[in-house]
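Take a look at the structures below.
Okay, so chain A shows up in both of these, paired with chain B first and chain C after.
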Partner chain A sequence: MLDAFLQGLLLVLQWKALAFMLFGVALGFWVGLLPGLGGATTLALMLPFVYTMQPAEAFAFLLGMHSVVTTTGDITSILFGVPGEATTAAIILDGHAMAKKGQAGRALGAALTASLIGALIGAAALALAIPVVRPLVLTFGSPELFMLAIVGLAFIASLSAQGARGMVRGFLAGGLGLMLAMIGQDPQAGVARYTGDSLYLSQGLDLVPVLVGLFAIPEIIELVVRGTSIAGGLPSQRVSSGALEGVKDAFRHIGLTLRCSLIGTFIGIMPGLGGSVAQWLAYGHASQSAKTPAEREGFGKGDVRGVLGPGAACNSKEGGALIPTIAFGVPGSTAMAILLGAFFLLGLVPGPDMLSQHLALTFSMVWTIVIANVVTVAVCFLLLNRLAALTTVRVSLLVPVVLVLVFVGSYTANSQYADIVVTLVFGVVGWLMVRAGWARAPLVLGLVLGKIAENYLYISVDRYAAAWLGRPVVVVLLVCAVAVIAYPAIQGWRAKRAARA
Partner chain B sequence: MHNRASLILSSAVALFAAWGLVSAMSWPLKAKLFPLVVGIPLLCLAIAEIIYSLRDKSTEPPRDIPADVERHRSLVAAGWILAFFAAIVLLGFDIAVAVFVFLYLVIQGKERWIFSAIFAAATWALFYGLFDRLLHLPFPAGWLLELLGFG
Partner chain C sequence: MKNIFFLVLLCVAPLAAAQPYAGKTVTIIVGYKPGGGYDATARLIAQHLPKYLPGKPTVIVQNMPGANSIIAVNHLYNIAKPDGLTLGTFNRNMPIAQLTGVKGVKFDLTKFAWVGSAASETTVLAIRTDLPYKTFEELRKAPKPVVIGATGPGANTYDFPLLLKELLGANLKIVTGYSSSADIMLAVERGEVDGRAGSWSSLLPFIERKLVRPVVRARLRESGAERLPSDESFAPNPRAKAILALRSAPEAVARPYVMPPRTPESLLRLMREAFASTLKDPAVMAQAAKAKLELNYLPGDEALQVLREVLSQPKEMVDDFGKYVKFGE
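Here is the complex of A and B:
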């Protein structure tokens, strides 16, 4: 085992594999920075180029590229409030709020450190879990996966605001997200639902234009209204200082960073839940870590823990997602499904062979994730001051450039003008939500989870009738969901009692 | 505005949920199960929020910028966003990007002509070089250009 582990490292350090990996990292770096252009799309675009490569070189190239996309996606999300990737939207809530307070350097430092820790945890999980993960994955059937989706939604909806009304708004936003996820052709009966006879809508709402509209358009309007730079006219040295503070934050809240890394890894392992879910669950967990209601109110307004959680989970999920892909040939996400294609292109069959005959190659993937992330984080730290200084650029220069990125990013989702219309519609929805004090996170999670949840609910009912509700893991998850909803109420009641005393 | 925005949103959600439920009635069980499971509580929650909003008499805390200035600037921002979209549809991305950036800088940003022209050219070069030449993303010519036979 140790031999294969070291052989894996040597495979990655061969000059050709290393060169391909660094090229992939450079490509992933820019793809992550650009809104709309997803890591999965780039993987698909690069797939034809691996035909002539050796397996170790091909995986160094593809995985090197893919594993850094979310790290640099965080940068765009924090600095401009525009999701660099669909999987880096949650970090906007507190990361961009910090940038607006002149703490861009601290937010970036925290996000990068959390990303690195997350990636290392994910890679370690991949290295350790392959032999033992099979029983865990097999325990989770459709009922358990449906309940996991419900727990996620309960998590984020109950934490979005304070009090009964906040809870109503949180679940309202989550429910709206679930309803929006139903737009398109239904997978069971083939009925076109809520499409208004539109061919574009028959495929369902694409996540990228929705996210860009929901987060970026209100941000642009806010920038024009304020008339100042993102950092609100604070001097640039104050903006870019504090990166070290961000690094310290990651270690100050190391428990949270590690827990969110594990959440990301776990969600990554579960097939079908996807990376977008991991970040929101981690965000929900981070806000749950607030000890008092007052402390929780700080989330969404620039709490560094809201940066650490999603930052760690986003990167750790990659290692997790590789586990079922390599071990069983079951891809955990779209990107992993594309990567699975690379296995077949290279004449490899995922499954037991990858854990015996090609074990060194499997470990080379672990090393690729580690080295690619270390290189990216090091480069980002070198460029940090320049990146953070972008938040002091005056608004008249920033708005047109960000708008170009928003519209191009949205259009590239399906190369249709309708993508931009969706962005504009959700821009209005996002703006109204900000004005009304509604949290946007539950809506996004509902949209992400809707299709998955419906599919799993249908299979559960069809396969087990009502008996699925009695499965032990389902019961445990149901209790978790109820506890998650009840916890803020209990916390509020305790705080009131303490105040009275 | 806080409550008005919430009232508008919750009313829209209530209408959407009601329409969703009515539409779902005619579908087979397989297709309507999830819409009903989600739609009914969503409608109830939306009605609850409408009642909350109508009964809530609290006012929004004062902001740094006066309300009328804020409203005017919001409308200006929305106008620019819609104008850029119209330019993209009519002229295509290639031309709209350069024209929009230039006009925004001159009119809204009150920047000098020369600076605006150089900045717009640089933004266009970045867009064209990266998305068109390097990534080969398909950007169609605008409707107006197609109509004139330049598409």
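Here is the complex of A and C:
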């Protein structure tokens, strides 16, 4: 085992593999920065190039590219409030709020450090999980996955605004999200729901245009109305320092960073939950770390913990997502499905063999994730202060560029004009929600988890009737869900009591 | 002087006609997002097609996903120019969409300029090797229903077992809602379901790993699957046989390639020849075998023939068929 571990490292450090990896990292860097241009599409484009490579080189190239995309996706989200990737939307809430307070440098420093720690944890989990991966993944059947979705939905309680009123609004928005997730052909009877006979909607809403509209458009409107730079006219020297402060933040809240890394890894391991869930759950968990209502109030207004959580989860999930792909030949995401194609191209059959015969190669993937992330974060830190200075650019210069990013980004989802319409409609929805003080996160959570919850509930009932409710993991997860919902209430009660005493 | 000019013109004219693709870009429109078999096949063809077209054009792939590729077919039929620079590939079940009159269909598949099909795919039903049933006959007599995982109506993971159950009396219970065939495979692995239907090529790795055993196939004989009994061989009456045959028919044209209607005959001929040469190219075949992509060339007129057969079904038959099978995936 240890032997294979070191052999894997040597495989990656061969000069050809290393060169391919660095090339992949350079490519992934830009793909991540540009919203809409997703990691999966780029992987598909690059697949023909791996025919002539050795397996270790090919995976260094593809994984190097893939594992960087989410890291740099965070940068776009923080600086402009435009989700760089569908998986990096949650970091906008506090990351961009920090940028607006002139702390872009600190936010970026925190996000990158957290994402590095996340990547390392994810890779370590992948390495450690190898002996137990099969039983672990097989424990989670449809009933357990349904309950995981319910735990996810329970986080709406933490992601809503405070007080009973905020909670009601949060769950209403979550309900709206669930309804939006129903759009499209249902998988049981094949009936088209809420499509209004439109072909565009017949397969449901695409996440990218919705997220871009919901988060980027209100920011742009606000920016134009305010008429200053993102950082509100602060001098650029102040804005672009503080990266080091962000690094320190990650270690100041190291417990949170580690916990969110583990959440990300876990979500990654579970095939069928999808990468976009990870950041939101981590954000929900991060917001629970607020000890007083006043602290809780600060989330969404630029609390660094709201940056650390999603930042860590975002990258750790990549290591986790490799596990089902390698061990079962069952990809957990589109990107992993394309990676699976690469396995075949290279004459490898994913499955139990990867954990015995080809163990060194599997470990070389772990090392690729580690090295690629270290390289990216190092490069980002060199550029960080310049990147942060972008928030001091005048509004009249910045808005056209950001608008192009927004529309090109959402158009690449399906290459249809309807993508732009969806962006604009959700832009209006997002703007109204911000104006009325409704949290947007519950809506996204409902949308992201709706389909998963519906399908796995149906399968559970159809397959096991009521017996699935008695499965031990299901019961444990149910208790977790109740705890997650009750937590803000208990917290409020405790705070009141403390105030009286 | 005039004569020389005329002479030059005489020489250049056929040259220009022989090189209609020089400096041009051919686009292959794919009705799906990147990541699936349709996309992978199109990208493989795009890589090698230029060699066989006079003038060596650039060939690019453009993904136009949505509505199980109806959007792409509508575009190819109504908007794309018939200038020989657009190729399209889409959902093999498109004839079913046209036949059953799915909303939003704005095309007549028989009017396309058919280039051919790059592959055929047969559907098989595979069940866990640790089940006591080894043949389809035993599956029909099974005392307890065998649980089959599926994605949803319109996909072969659902339609094929549904017909086996409804028309041939296999004792199956179909559980639907899995997000992808990979997802069902994992459910098979953890024993949540007992098996799944799917294309022979997609199930092959799991059959080789001895996780599942194939028991019955659809009409087409894919190499490796020819020993399996066909679904139609168990049909109790002509009606059942006809319905099974109709479901299988589009699988002979599993990777359809067309050009827009009214594409000039000369350009269609060039493209057909290039398409055939590409698919017979040993380099292409080797690459496809490595990537586990099915490749079987079917000429354009034969593809059109298959299509005409599907689309010429009488009204009663269509209604009968529509009771079981919906268009999808």
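Convention: the second predicted complex is superposed on the first by the 498 of 501 C-alpha atoms of A that agree within 3 Å, B and C clash if a C-alpha of one lies under 4 Å from a C-alpha of the other, contacts with A are read in each partner's own complex, and residues count from 1 in each chain.
Methods note: a contact is a pair of C-beta atoms (placed from the backbone, for glycine too) under 8 Å apart; a residue touches a chain by one contact, two chains touch by 3 or more.
In this text, all values refer to a predicted model and were calculated from it rather than measured experimentally.
When the shared chain is aligned, chain B and chain C each come close enough to touch A:415. Judged by the touch definition given at the top, the superposed model places A:16 against neither chain B nor chain C. Of the two partner chains placed by the overlay, neither chain B nor chain C lies in contact with A:301. Legend: residue contacts after superposition of the two complexes on their common chain; A:458 is shown touching both chain B and chain C.
Applying the stated contact rule after C-alpha superposition, one finds that A:141 touches chain C and leaves chain B untouched. Within the superposed three-chain model, A:496 lies out of touch with both chain B and chain C [touch as defined at top].
Once chain A of one complex is fitted onto chain A of the other, the partner contacts of A:168 are limited to chain B, with no touch recorded for chain C. Of the two partner chains, chain B and chain C are each touched by A:188. Put simply, chain A uses residues 186, 188-189, 415, 454, 458 to touch chain B in one complex and chain C in the other. Within the complex formed with chain A, the chain C residues making contact are 33-36, 39-40, 43-44, 47, 62-68, 70-71, 74, 103-104, 147, 151-154, 175-180, 182-183, 185-187, 189-190, 192-193, 205-206, 208-209, 287, 290-292, 326, 328.
By the touch criterion stated above, chain A contacts chain B in their complex at residues 34, 37, 165, 168-169, 171-172, 175-176, 178-179, 182, 186, 188-189, 191, 193-194, 217, 220-221, 223-227, 396-397, 399-401, 403-404, 407-408, 411-412, 415, 417, 420, 424, 427, 429, 432-433, 435-438, 453-454, 457-458, 461.
Against chain C, the residues of chain A that register as touching in their complex are 40-41, 43-45, 47-48, 51, 137-139, 141-142, 185-190, 197, 199-200, 202-203, 271-272, 324, 328-331, 334, 337-338, 341, 344-345, 347, 349, 351-352, 414-416, 451-452, 454-456, 458-459, 462-463. Listing the residues of chain B that touch chain A in their complex gives 1-3, 5-6, 8-10, 13, 16-17, 20, 23-24, 27-28, 30-31, 33-35, 37-39, 41-42, 45-46, 48-49, 52, 65, 70, 73-74, 76-78, 80-82, 84-85, 88-89, 93, 97, 100-101, 104-105, 108-111, 119, 123, 127, 130-131, 135, 137-139.
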